[in-house]
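As written, the chains take the letters A, B, C and D, and residue 1 is the first residue of each chain.
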C-alpha cells in the first residue's frame, strides 16, 4: 500500500517539473533544436562559467545575438573541467544546434567532441583560446600570443621603472593544462631576452583559485628577496596576487601586472598597488564571436574570406584561419573609469 | 526481506518511467534513441565503478578512493605512453596500479580493522597526490586513433552490463553473494559460520581498485587525456547512484538491479536538466536534493533504526 | 524499621517464558536485603524492573508507599542506584565523567570540575581505590570499572543501592572495601539489595534473605534464622526430574582432547576430554571462562595449548579448520553470533554448510530448501515454512534453527553454550531429548550451562570451572546440586 | 584525558618546521608565522565545530559548499555593487545562514534518521548549486570596509582572524571540557544507549553539534573571505576534505567518543604548514604538487598509529 501512494506522488511531481517547465527559464531558452521560427541557434561555451571575464564576453555575445536575431545558449562547466565541457559539446551536437563557439580549457580533451560535432554538420569555431585546426573552422583571436606576451612584459618593465631595473620576475599562471597561458609564457620568455637585467624566477600555478594566487604571491616575496615584478596571467590570479602584495606591504616595491577585467582590478589601480592592467575588450570579443558564428551558419562568411563585416565593429582582418580582434588595451589610473566590464 | 527489496526497485522503475514520460512531454527529441545513445557513454565510468561500490556498501563498507585510483591509473598510462611503451603495456601498468590501490585499501581495512570511510579518505588524497606528483599536474594526450576508438564506443557500458549481470547472479544465487549480504547484516554470525570474512572484504576492495584502473583507461581513451584530475568528485557521484538504487549505507540490503536503476535515474535527471535548461548549476541542486529525498523515502519505507556513520 | 520499597504481584514474561510471577518483596530503610536463587530464577529481571530499565507485565513498585516513575534517569533521581555485573558505562570517557554524567554539579553555566574531581577521589578512596582519573575507563580492568560504577552511586546520596554480583571480578582487598562501604551505607540509613551466589558474603552482610526460584518468591527469612545448607535447599527445592536414562550410549573413543589450554585473563591450563556418545557438562559462574573455552575450541579465539578433534589438531584461531574437523558450536548470544534474524530459516540453516547445497558455489535453492525442511522435521521446528524469517520464530525454535545449522555439518563434536537460555519449559525438554539422541548416535557433546538442574538431567559427566581453572568433576553417580554448587562457588571464605 | 594519538602529529609538525628553518631561517620569522596562522585560522575555526560533530558519532562533509554560500551571501548583502546593506546586517545574516544550514543537517540526521554521510553528501551539492545561482556568473568586487576589517583589520596589534580563531579555540575547549553539553556530546558518541539510559537526549545533543558546526563555518568564512577584495564562486571548494583530514590526523576517532581540542589544533597546524614548508624547502615548483600526497600519507599514518595503540590496549 505504502509503495502505491509513494508511486503516485513521484509520478505527479515529475509531470509537474517536466510539463510546465517555463519556456524562458534559465539563462537562455533551450527548447527543441529546429524551433518553429527557423532562427538559428548558437552555443557559446566558456572555459569556466561563473568567471567575470567570460560573463562580460557573454554580455557582448547577447548584444550581437539580438542584433542578428539569433538564439544564444551560454553555458559551461562551473568547475572548469574540460571533460564536462566536451560532454556539453556532444549534447549540443545531438540537439542539432547550428553553431558552437568553444573556448577550450584543454584543447586535446575537446578536439574529439568538436570533430564529431562538425561531422554532424554543426559549424564549430574557437574563441579566446584555440584548438587543433582540424577541430574547428576558424579561431576568433583577441590578439596573438606574441602580442599578448610582448604587451605583458613591456607593461611590467614600464611599471618597474624602465629597462635598467635589475632583479627577478616571477609568473603566476592558471593551471598547467591551460593552453593559452602556456603559449603566452613562451612569448613572455622570448620578450624577456630583450631585457638582460631581468631574470625569470619560478612559474607558480594557482588553479583558478584566488586564495592560492594570494598565498603564492606572499610566498614568492618571502622566498626570493630581490623579486621586482610578478606577471599574473589569469583573470583569477591577478586580483589574488595584487591583494597578496598589498597585504605584504610591498605595494610599489614589487610591481604586478597581468590579465584581468577592469571591474576586478579597479580598486587596486585606484590605490596604486597596480599601475596598469593588460586586457582586451571582452565585450567586443563576445560580440565578434557571435557575428562570425552566425554568418558562418548562414553561409554569409566562409573561413577563407580575407575580412568579415562584424556589425558595429566594422571590418575585421582574417589572417590565415584567425579572425583578429586586434586591439590590446592597457588600463591605468587615467582611463580605467571609462571601462565597465 | 524479498518483499521489501521489491518495493524500492519498483518505486525506482516507476520514477524512471515517470521521468522519461515527463521528458517526452516537454521535449520529444530528448527521448529519441539517437539522442539517448549519444548521451549514454557519459555515465560509462560511473556505472562501471558502481558495481564494486554496491558490493562493498552491502558489506557495510565504502570506497571513496575510486576517483583517485582512476586518476593514478590514467596518469601512469599517459607517462608510459609518453616514454614510448606500446599501448598494451601501458594498459597493463594502469590496471596493475588500480589493483594495487584496491589491495592497499583492503589491507588497511582488514589488517588494521580501521573504518573503511577513514581508510579510503586517506587513500583518496594519497592516490591523487601521487598522480599529481609523478605527472607534475601535466596532462598527456595525442593517443593513437585505434586506442581512442575503444573509448568512443560502448566499452564502459558494455562492461558494466556484463559485470552487473554477473554480479546480480552471484548476489542472488552464489555462496559469495550470500556471504556479502551476511557480512553486512551480521559480521559476528558470519565469522562464527566459518566464512573467511577478511579475505572476501579485501578482494572486494581489490576488485574496486581494478575496476577503477579499467575506468581510468577507458576515460583516457574517451577524452584523449591522461591527467591527475581525472575522476575528481566521481566517488560522490557513484555513492549517490548506489544509494539512490536502494542500497542501505549500513549494509545488508541492496541489489545491482537497484543500482542500475539508480544510475539511470541519476543520468536521465542530469541530462534532462542540461537539455531542457542548459544550466549546469541547476543540476547541482537537483541531484543533491534527489539523493536526500530518495534516502529519506527509503528510510520511511524500511523504518530502519537510527544509526551513526558506523558501518561494518 | 520503616518500609522503603515494596513490590506487589510483580510479573514479567518474555515471549512464552514466564521470567517473574507474582513477586511481593519488601525492603526496609537502612536494611541489607540479600536476593538469592539459581541462574534463571528471575533475579536480574527483578533488578532491571526495580531500576527502571525494564517495565513489568503486571504488578507495581511502591517507593515509600507511592508508585515510582518510569525510566532509569527518573528512578536515579528518586534515589535508586544499580551496579550491574558488566557495568556498561562510557568507555571513551574518564572516571570523573562516568561518575557524574547526567548529574554534573554546575558553577553557573560551567561544570564545577574541581568539585567533581574532589568528590570522585573521595568516593574512590572510600572504596579503597586510587585509579588514574585521566585515562578512558574502557582501558581499565573490569574490577576498576566496577569501582567507578560504585563511585557513581556513592556520589549521589542514593537511598537504595542495588548490587548485582558485585564481587564476581573483585580481588579480596576490593571485596573487603566493598563490605566496609555496605556497612557504612547501612549506618547512614541507606538500604542495600545485595544479589550474590557467594553465600558466605550473603551471611556476612545481609539482615534478611529472599530466595527466588523459577520466577516466584519462595521465602524471605532473617539471615540469622538459616544456614548455608538450609539456603541451598530453599534455592533448589524440587526433586531432580528423573530423566529416562533410555539409552546410555556406550562411551566410544575420545573425540575431543584439550590439554593445557590457556587464554590470558580467562583460562589457565584447562585440560579435558570428551568421548563419542558422551554428554559432558560444563558448570561454572558467570566469568568462570566457560564461553571462552568453547570459543577457543571452536577457533573463534586464538589460544595457547593443544586442541585435538578425532586425533587431528585444530589450527588455533581458525573456525574453518574446526568446522573441517567436524566441530559445531551453538553460541551463547543467539541473535548476534548464532543466526541472522531477518534471514529466512532456510538461509540460516545452511549458513555454515553452503558447500553441501551448491555446486562450484552456485547454491541450488531446491537442495537448500529440501535440507532445511528435513532439518525442521527432524528437530520439530515450528515455523510458517522455511522461508519465514528466523525473527518470526519463538526463542526455542530459533535455538533449534541454530542447532540445525550445526547439524548440517554432521558434526563429530557438538559444543552448546547455554542451549536453553530464554527457551520455554516445553521447548527446553525437546532440546534435551534432541541432544540425548545425537549423543546416542555417536556424537560427542560438550554443553555449558548455568542452569544446574539442566546439567544434572542431561549430562553423563560434569566438569566444574572456577576462575578459569577446572575445580572438580562429578560422574553421574555422584550428582547432587549442593555438591555441584559447592564446586562452582568460591571456596568457603576464600574470595 | 590521555592524549591518545596526538604526540605523533606534534612530533611530525616540529620536525617539518625544524627542517624548513634549517634551510631558510625566514621560516621562523614573525612575518611568516603570522602568515601561516592567518592561512590556518579559518580551517581551525571550522575544525573545532567538525570535531564535536564527529565526537557525537556523525560526520559533516557539506562545510566546503556552506563556506562558499556564506561568502556569496555576505558579499551580495554588503557590496555596494549589490544590495549595499550595512556590514553588521551582512555579518548577522551570514552567521544565521551557517547556523540554519547546520540545524537543517541536524534535523535530517537525528530526527528524520537519515545517515549523516548521505545528508551532508547531498547538501555538499545543493549548497554549491545555491552558491553558483546566487553569484550568477559575476564576482563581487567591492566589499565595504566594515566587512573587510574582519579579514584584514587587527585588534590590539593581533590580526582579527587570529584573535577570532584564538577565541573560538578557547570557547570550544571550554565547551568540550567544561560544560555538561560538551561532555554529553562525547558520551553520545561513546555509547548512545547508555547516554539515553542516563537521561540524555541523544537527538538534541547531535542537533546542537550540527548547528554549532554550521555557525563556526560562517565565522571561518567571515574571517577569511574579506582578506581578498574579490569574492569568487570557488570559495570553499575542497575545504571539507582538508578539515576532515585535520580532525582525523588530530586523533579524533571516526567512531565518535574521543578527541581533544589540542589534537585538532596540532592537526590543523600540521596540514596547513605542509604547503609553506614545501615552498621553503625550495625543491622547485614541482614539489608543490606533492602536497596532497603528503596529506593522504598523514591520514594513513595517524590511522595506523591509532590502530596500533588500540591493539596495545586490547592486550592490557
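Following the convention adopted for this analysis, a residue touches a chain if its C-beta (ideal position, glycine included) is under 8 Å from a C-beta of that chain, and two chains touch if they have at least 3 such contacts.
As the structure is a prediction and not an experimental result, all values here were calculated from the model.
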Any chain in contact with chain C as well as chain D = B
Request  = Could you tell me which pair, B-C or A-B, is linked by more C-beta pairs in contact?
outcome  = A-B
Query = Which chain's mean C-alpha position is the greatest distance from chain A's?
reply = C
Remark   = When centres are defined as mean Cα positions, the distance from chain A to chain D in whole Å is 33
Message = Centroid of chain A to centroid of chain C, CA atoms only: how many Å?
response = 74
Query = If you average the CA atoms of chain B and of chain C, how far apart do the two points sit, in angstrom?
reply = 46
Key: Junction residues of chain D - those touching two or more other chains   = 128, 132, 189, 256
Contacts with 2+ other chains: residues of chain A = 49, 78-79, 205
Request  = For chain C, write out the residues touching at least two other chains, lowest number first.
outcome  = none
All touching chain pairs, where touch follows the definition stated at the start = A-B, A-D, B-C, B-D, C-D
Ask   = Can you name the residues of chain B that touch chain D in the complex?
value = 62, 108, 112-115, 117-119, 121-130, 132-133, 135-137, 228, 236, 239-240, 243, 249-250, 281-289, 291-292, 295-296, 299, 304-310
Key: For the chain C and chain B complex, residues of the former touching the latter   = 298, 300, 319-320, 322-323, 329, 331, 333, 336-340, 342-344, 347, 351-352, 354-355, 358, 361-363, 365, 389, 405
Query = For chain B, which residues are in contact with chain A within the complex?
reply = 7, 10-11, 14-15, 17-19, 21-23, 25-29, 34-35, 38-39, 42, 136-139, 141-142, 148, 152, 219, 223-225, 227, 229-230, 232-233, 271-272, 274-282, 284, 297, 301
Inquiry  = So in the complex, the part of chain A that touches chain D is made up of which residues?
reply    = 49-52, 54-55, 58, 78-79, 202-205, 208-211, 214-215, 218-219, 222-223, 236, 239-240, 243, 247, 263-264, 266-268
Task = Over in the complex, which chain B residues touch chain C? Could you list them?
result = 1, 173-176, 178-179, 182, 185-186, 188-189, 191-194, 196, 252
